[in-house]
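The two complexes that follow have subunit A in common; it is paired with subunit B in the first and with subunit C in the second.
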Partner chain A sequence: MEDKLYKKIADSHKPKETKLKNLIIAFVVGGLIGCFGEIIIEIMCSFFHKSRAQAQVFMSVFFIFIASLLTSLGFFDKLVNKCKCGLLIPITGFAHSMTSAALDYRKEGLIYGIGSNIFKLAGSVILYGVVSTWLFGMIRYFIGGVL
Partner chain B sequence: MTFKYKNVYVEDTVTFAGPYEKKGPLKKYFDKTFNDLYFGADSFEKAEIKAIRDNLNLMFKKLGKKKDDIDLIIGSDLLNQISASTYGCEGYGNGFIGIYGACSSSVLGMIIASNFIEYNQISNAICLVSSHNMTSEKQFRNPTEYGAPKPRSATFTATGAASICLSSQKTDVRVECSTLGRIIDYGENNPNDMGRVMAPAAIDTLRKHFEETGRTPDYYDLILTGDLGEYGKEIVKDYMSIKYNYDLSKNYNDCGVMLYDLTKQKEVLAGGSGPVCSALVNYGYIYDQLKKKKLKRVLLVATGALFCPLLVYQKENINSIAHAISLEAI
Partner chain C sequence: MLFINSFLFCGTICLIAQIILDNTKLTPGHITSLFVVIGAFLDSFSLYDLIIKYVGGGALVPITSFGHSLVHGALAKTNGYGLMGIFMGMFDLTASGITAAIIFSFIFSLIFKPKN
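Here is the complex of A and B:
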């Protein structure tokens, strides 16, 4: 049922979201995580004499571990509330989505619980990540001619 | 759809609340509160079942009755197949009805029980509702530990179990009349703004109740809606006065707003929701005030969003419903 009066009244009582503030927080936090990642890579390269490719893998694993640990200890969702999407967009968000799903369904068992549900949120990221990688790979192959 | 009752009374109530509700202003009206969300069980679903069992145990203890002295138990919760109620109520009462009215169940159960009692089909009944913040997050939204930022219009599912015993035996508080609501679709589909989804149902039931009884809002000392939150509440107030000329500015409030301290408890956003939200306020605080005769006549309008995530993803709207019941101190 359409009711213009209702829409008008309801719109007038809609709370204003602080979008700009959230955006700035997310930008700063996301940027800090990026900087921190770069520091880890530099340390791995300079002090442990790893190649840059190896150091990058180490950095990702480090962030995944930290995000999963904080999720399982119950801190991560509270941090997201403060830091907004700055924590969800980097790889920390991906790890968080998998760990939280696994935690939620652990009581239903290894197969029907964790196995079936761990990709509940991350499934979309993986599927469309793979599809877009393929798509852009093809574009690069045909237009750029680079193998 | 308004029914009047002559011999339906409230015998007693039992309210159990979770840790977030404990921090709210109504703490002293609850029979028992929990410090964590597990209640000593090993999963959230089992915690909800345990809360129901413990609640019924205390109710029978308070009433001084044996498990089969109660004719009917009406149970309701938010889990699929209303499983918390069906597991939790096992072994109690001579008959069981499981109902689903989402958050409107706290009043819907009372209406069904009152109709049975009024026509002497049964002599007493316990209406029980429960909800759990974590089980409903898991079922309707994201995994419980997943931290997705929510808009300020979102509501927070209350945790706890609450029951009320209605009977034909005379007590200080009676059920005076009730109005059954109908399913309303106002084209709303935002699960993060349930106040806006449910307000039309509350408005429809309130209007129907006033028209069918010939009363005006000032007949009641207090009119309460279930869980519209602070923004939905304002919508009802404005719409009722502009469209139908009913003034709700003096004696109207919302249970979702009353259950928490909205200035301090920022995590609840716009306020509480869930079947137990209105039940904790009504069976706890309102029943207490009626017994002490601080309130004489109260109209409760429990609102429910008939929200199915599957159908919302299939581009359907969220329907809503509201039922009203009027309680009177004698």
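Here is the complex of A and C:
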């Protein structure tokens, strides 16, 4: 009985708008990052006369650089707390997870600290990416032929 | 037009991720892994290439493009090397992103100290 009462009171005090607000923030921030990526590609293509493939590489490296720098300066964690998926799903989230793991375990030394923990969070992305790629690649190779 | 498409596509991906994060017990780690697998699945039948054609850079920013480039590099190598091409070309296109992330995070972790 007391549990139910507690839950009722706790629910009534929960802010209701946060879910909708989170969704809007994630949509706008993610959208702006995507749009910014396209702007970088267009700038590299038209002003620096790079091919589109080169511009795409530059764009992802640029985002990773910015995200790593902001993470190590301490801004990025606050931004992630506010925008959540808007910043975690773009490539910035990958760089953020690696840099924050490296910074957290730095005091345990270069080998057993940074070296063994740098992929602590990003490792799952690489592991499941590679395993699923191997699986889908085999399926595609045997069913659909090559590209 | 590519700018608007980029905004809408990347925003929608983040919106879906936020919906999953808010309504289930999955952590961001689960969601990013899930999205990589979805990207790899979409590209295994060349759907993601179609999306990139119409969306442009916005489709290359989310983590789903990581799965796409893994599959793309692996399948491109199968042209000359057969089945072993999947093992050889796996990291061909994503190497730049992974290398950049490793180098920058290592350098910055040596220079800066954690804030909290």
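Assume the second predicted complex is superposed on the first by the 129 of 147 C-alpha atoms of A that agree within 3 Å, B and C clash if a C-alpha of one lies under 4 Å from a C-alpha of the other, contacts with A are read in each partner's own complex, and residues count from 1 in each chain.
The rule is simple: a residue touches a chain if its C-beta (ideal position, glycine included) is under 8 Å from a C-beta of that chain, and two chains touch if they have at least 3 such contacts.
Treat the numbers as computed from the prediction; the structure is a model and nothing was measured.
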Original post:
In the superposed arrangement, does A:C85 touch subunit B (first), subunit C (second), both or neither?
Top reply: both
Original post:
Which holds for A:A10: it touches subunit B only (first), subunit C only (second), both, or neither?
Top reply: first
**OP:** Report for A:F76: first if it touches subunit B alone, second if subunit C alone, otherwise both or neither.
**Re:** first
**OP:** For A:N22, select first, second, both or neither according to whether it touches subunit B, subunit C, the two together, or no partner.
**Re:** both
Original post:
More subunit A residues touched by subunit B or by subunit C?
Top reply: C
**OP:** Classify the contacts of A:C45 with the two partner chains as first (subunit B alone), second (subunit C alone), both, or neither.
**Re:** neither
**OP:** For A:Q56, decide between first (touching subunit B), second (touching subunit C), both and neither.
**Re:** second
Original post:
Where on subunit A do subunit B and subunit C both make contact?
Top reply: 22, 71-72, 74, 77, 84-85, 88, 99, 101, 103-104, 121
Subject >> Complex contacts: residues of subunit A adjacent to subunit C >> reply: 19, 22-23, 26-35, 37-42, 56-57, 59-61, 63-65, 68-69, 71-74, 77, 84-86, 88-91, 93-95, 98-99, 101-104, 106, 114, 118, 121-122, 124-126, 128-130, 132-134, 136-141, 144, 146-147
Original post:
Taking the complex as given, what residues does subunit B use to touch subunit A?
Top reply: 42-43, 138, 142-149, 151-153, 184-187, 193, 196, 199-200, 231-232, 234-235, 238-239, 242-243, 267, 270
Subject >> Parts of subunit C lying in touch with subunit A, wherever the complex brings them together >> reply: 2-3, 6-15, 17-19, 21-22, 28-29, 31-33, 35-37, 40-41, 43-46, 56-63, 65-67, 70-72, 74-76, 78-79, 83, 86-87, 90, 96-98, 100-102, 104-106, 108-116
Original post:
subunit B touches which residues of subunit A in the complex?
Top reply: 1-3, 5-6, 9-10, 12-15, 17, 22, 71-72, 74, 76-81, 84-85, 87-88, 96-97, 99-101, 103-105, 107, 120-121
